[in-house]
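Two complexes are shown next, each including chain A; its partner changes from chain B in the first to chain C in the second.
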Partner chain A sequence: MSYLPCGTYFESYLEEQKWWRTPFIKGKMILMLVLLVALPWLIPKDWVSVVCNVNYYILAALGVQLLIGYCGQITLGHAAFVAVGAYCSAMMVLFLPWPGFMVENGLAYPLSVLCAGFMAGFWSVLFGLPSARVKGFYLIMTTMAAQFITVPLVITQYVSRIGGRGHYFQLPPGTIKIGPVEIGTDSALDLGRLGIWDFDADTKVYYWSLFLVLLCLLAMGNLVRSKVGRAWVAIRDNDIAAETMGVDIIWYKLLAFFVAGFFAGIAGAFYASSIAFVSPEHYGWEFSLIWVGVILIGGVGSIQGLVFGSAFFVIIIEVLQRLLGYLSEGFEQSFPTLGVVLMKFVFFRDTAFGLAIILFLIYEPNGLAYRYWQLKNYFNLWPFSYTGKGH
Partner chain B sequence: MENLLQLIVTGIMLGSIYALVALGWVLIYKCSGVLNLAMGELTMIGGYVCLSIYTLLAARMSVTPAFLVALGGSLVVGVLLGLMTERLFLRKMIGEPILSVIMVTVGLSFFFKGIVFIIWNPDTVQFAPRVFDVQNIHIAGLAIERVQLWSFFASIVLMVIFVSFFKYTRWGLAMQACADDEMAALSLGVSAKFVYALAWAIAFMSAGVGGTLLGNINGLNLSISGFGLLVLPVVVFGGLNSIPGAIVGGITIGLLQNLCGGYLDIYFPGGIKEIAPFVFMVFFLLFKPFGLWGWERIERV
Partner chain C sequence: MSEVILEARNIFLSFHGVAALTDVSFRVNKGEIFSIIGPNGAGKTCMMNCINGLYKPQKGKLFFKGKDITGMPPHRRATLGLSRTFQKIELFGGMTVLDNIRLGRHMHIRTGLLASSVYWGRNSREEITHRKFIEEEIIDLLEIEAVRGEVTGMLPYGLQKRIELARALALQPDVILLDEPLAGLNLEEVEDMARFIIDINEDQRWKVTCVLVEHDMGVVMDLSDRVMTLNFGVKIAEGTPQEVQENPEVIKAYLGEEEDLYATRR
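This part shows the complex of A and B:
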């Protein structure tokens, strides 16, 4: 929460906790919503899929932020739960004998997203159970074990074999329908009096991801300012003290694991639909680490930080890749080594990402969200700006 | 029965390499309290450095001296890298919360992995010409690969060297003092910075030797870092700050891996060999979270 401008005061605690505390904030949020809806027309076409990727990272890292930033339970195995969600949703859509009207009206996939959330949530609780007994480093070990048991063993060796399609599942075009809209194909949409609008595949995926992100961030924001969220923060700050204050820490820890897994499952179901393809490679251990890195870069314990971190990571990587692409097109004759650089791009990415995490932790441990907070305060308190430390 | 004996013997030999790498991990944790997740990448660096020096030298001299020089070279590079890592990255993190320190080591692991594969080829590379004879040695009806036998001896010798360094030399005693009570050690004139740097240097050395030996057995590629991660079940089993625990844990995990690979692979086809230590670790954590000889932490508000 940033400082408010001079002369703003509240008469009750409820007013202070409101989403939109001043008309200015309300206007800002509405403007942002309009911008988000209009985004596919404001940016170049090939960047829409990048924004979808940012949204996927937000969804996937949301659970990590909840567990690490709000509940203090360090997890290094979140990709496992995303994978469970993705496989659950894809397999439900592909293999369940849906009644005809559900497929036609596009109810099957939304229902499978919900089920994927629950499935990943329960899977997450299963591996969160040791958190009743262990914490800190030992909990990191169990979440790591969750990753290694789920993705390379259960999913690669057993789940992928179901249906005899080899290592991955392809979702054929037209299987993923939300209501009348088919995701993943270019098609025109009849909007009645507004005429027939052409939507390409990326734009539709973008709107679907926007819907999910807004819903999940809203749910998360409301959770952390409710009783549950206060209990989580109490556990994060000092779990023994929280227990003596009467917080049922085992219940709230498991709840945190469930909710984090639920968000991860939704993220997985979304990703499966957006690329129409599920494969264990997309849920390796490095992704668990990347999502923790994303919230560290953005700022631990802040929903804004999560958004900043995801955008920072995805966009920087994309810019790097495109830059290298342009360079190699222009200069391939004079610099033949550039081709090697492109081939090894993933390793350059790893190096840069590792260095970014280390430098952020050493020099900017509060992340990008803290800088944004300072910036906001600077303008809110202008001309008597004071941007010192403290939250 | 013979099969079982064979699996046990090779398991112990494999486990001794894990024990060597785990020893480095435990030294870092004991001295500076850093939980290092980059151990796999440290093993990888050591392996690749040794490999390139070896291929450079093998053309000019015979195999054994070339390998020994290469091993020595990788130890020197390991010491330098260890000192540098500690000075540049870890020293600034003293006193920071556990998540930050762990994530710095995760960052290091990404960084090192990237650097290694920018420099070297990501495909599998072998030590060529082979350092150890391919022919097996037959002892009491058991066929043992030479490379494994030599790895076993090398690990044992190095473990003895490291442990006696830690127990009997002046620097080792300084490390022990620092591990026991940092404040008291500081007031007695022990330089904590020096001790941390030394711990990282030793970890790099032991991991480098481990990586070299593993590379001789299977060839070097990305999966070496996965072998390095196996150090985590090892130290959890033995206790985070126990040196005998690391050794016993390493051998146990090696045994467990081989036995699971030998007997359970029929029922759970696929990667049971790589996963078994982690499954074991989860169950072990549920019942005895502080390991065999780890210190139990008593918490107060």
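This part shows the complex of A and C:
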């Protein structure tokens, strides 16, 4: 909690536990929501898909943040659960004999997203079972086992054989439909009195991702400030004390794995719809590592940090790639050899991410979220930077 | 007054052949302050951990409120009304003081996973009722209003001890195990803590039975109704503070033989 401006008092417990506690914060958040909704019109068209990618990273890393940041169970196999979600959703949409009205009204895909969440959740609990016995380093190894069992073996060798479409397959246009809206195609939407609006494919994916992100972050935010979330943080900070205070730590660890897997499943179902394509390559172990890196950069144990980390990672990588692209184009004309060298650097963009993690761990181990917290405090306390007690 | 709330029968605990507790039996009556004293390494904390369920005794039985709790995991014992504080502070360092105490209310909060993720209506109201209880009953009693929003890891030692007591109290336990609540405190804090222990033991609102492990003999003899002495895992005496103080074996264990006495005392 950051410090509130001087003269802000609460008269009831209800006022204090509100999400948006002062009119200023309320205004700020409403402004942010408006900006988020208007975003596709505010940024260049080719950046909308980048923002979608940010949202995908938020959804996928949310479970990692829950497990590592809140419950203290280090996981290096989260891409497996995202893959389970993606395959579950895609295969349900493609292969299940849906009744006609469900396909027409676009209920099949939303239902499959929910099922993907549960499927990935239970799959995650299966690999979370060792957490009842092992901690720390050993748990990392068992979660890595989840990655290597799930993606290269179960999904590549067995699951993707169902239906005989090969390891990777496309979701044909029109199969992914939420209500009347088809995801993945450009189409006009009849909004009744508001007229007919043109939405391109990216914009629709953006709104779908925005909806999911807001919903999941809200659920997560509420979880961590109620009974379940407190039990998770207690297990992270001191599992013995948590147990003596009446927390069934095995149950709550498994619950953490379930919820993390659930979010991962939703992320996977979203990703499958956003690119209308599933392939084991999109869920390799490097993604599990990247999502851990994302929360390290953003701030471990902070939902804001998750958002900052995802945005930082995706946008930095995108900017680097584009910058190097432009540079190499420009250089290629004047210095042909140098241009080729720069082109090579495009493939080393992940190096930038590795470097960023190292620099963050050395200079700001609390992540971007902590910097933001300091910044907010600076403005809230200005010009008298000493604080009393309280929050 | 003589209703037995906690009973240990012939507890035997050993670590790889090293006996930590040998055939220890005792009864704690409802509403009393029962102290366990003994030299370092006598097995006092082992006894606490056995009662609490962190250690499993190889032999013997434990009864709490008439129920056999020998094989129960610690969290089930907590739900029966058995709470504790630790010798080395075991707070949740990353949580605020308020959240630490709220965690003590864990078993009293009914909201499940789905309702928690909504935090609207029932869950919100439930959180407020518990907040009210914490603020008005516990924080007020233990005088920690000023630090309720602070992160516990950053607080001074004396306050952390007090917050641990607050967290244990939030459980609304019937029996509270206090493992050296006064260790490392300055005189003022010792007096405060002793006052709190008397408060929770005697106040009609709480009436908590206390099992106290402590080295500060002055406090132990003042507070306790009955005292048990352990030495090398063996119970050597039990009785009122007066009786224990006069027991020759206790004097021997604590102060050494008669001829050593003058050499070891200042």
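Keep this in mind: the second predicted complex is superposed on the first by the 367 of 391 C-alpha atoms of A that agree within 3 Å, B and C clash if a C-alpha of one lies under 4 Å from a C-alpha of the other, contacts with A are read in each partner's own complex, and residues count from 1 in each chain.
Following the convention adopted for this analysis, a contact is a pair of C-beta atoms (placed from the backbone, for glycine too) under 8 Å apart; a residue touches a chain by one contact, two chains touch by 3 or more.
The structure displayed is predicted, hence computed values, not measured ones.
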Review point. For A:G106, is the partner it touches chain B (first), chain C (second), both, or none of the two (neither)?
Key: neither
Practice item. Using the touch definition from the top, say if A:I249 reaches chain B (first), chain C (second), both or neither. Key: second
Review point. Now for A:G284: first (chain B), second (chain C), both, or neither, which partner does it touch?
Key: neither
Practice item. Scan A:V134 for contacts with chain B and chain C and give back first, second, both or neither. Key: first
Practice item. Once the structures are superposed on A, label A:L361 by its partner contacts, choosing first (chain B), second (chain C), both or neither. Key: first
Exercise for review: Mind working out whether A:A234 is in touch with chain B, chain C, both or neither, as first, second, both or neither?
Suggested key: second
Check your understanding: Between chain B (first) and chain C (second), which, if any, makes contact with A:Q17: first, second, both or neither?
Key -> second
**Study point:** Larger contact residue set on chain A - chain B or chain C
**Key:** B
Check your understanding: Touching A:G293, do we find chain B (first), chain C (second), both, or neither?
Key -> first
Check your understanding: Is A:P173 contacted by the first partner chain B, the second partner chain C, both or neither?
Key -> neither
**Study point:** chain B/chain C common contact set on chain A
**Key:** 238, 240-241, 244
**Study point:** chain C partner contacts - residues on chain A that touch it in the complex
**Key:** 1, 13-14, 17, 218-220, 222-223, 225-231, 233-234, 236-238, 240-249, 255, 259, 301, 389-391
Review point. What part of chain A is in contact with chain B in the complex they form?
Key: 68, 74, 76, 127, 130, 133-134, 136-138, 140-142, 144-145, 148-149, 152-153, 156-157, 238, 240-241, 244, 286, 289, 292-293, 296, 300, 344, 347-358, 361-362, 365
Revision key, fill the gap. In the complex, the residues of chain C that touch chain A are 52-54, 73-75, 78-79, 83-84, 86, 90-96, 99, 102-104, 106-107, 109, 111-113, 116-119, 123-124, 127-128, 131-132, 135, 146-150, 167-168, 171
Check your understanding: Can you name the residues of chain B that touch chain A in the complex?
Key -> 35, 37, 89, 92-93, 96, 98-100, 102-104, 106-115, 117-118, 122, 229, 232-233, 236, 240, 268-272, 274-275, 278-279, 281-282, 285-286, 289, 299-301
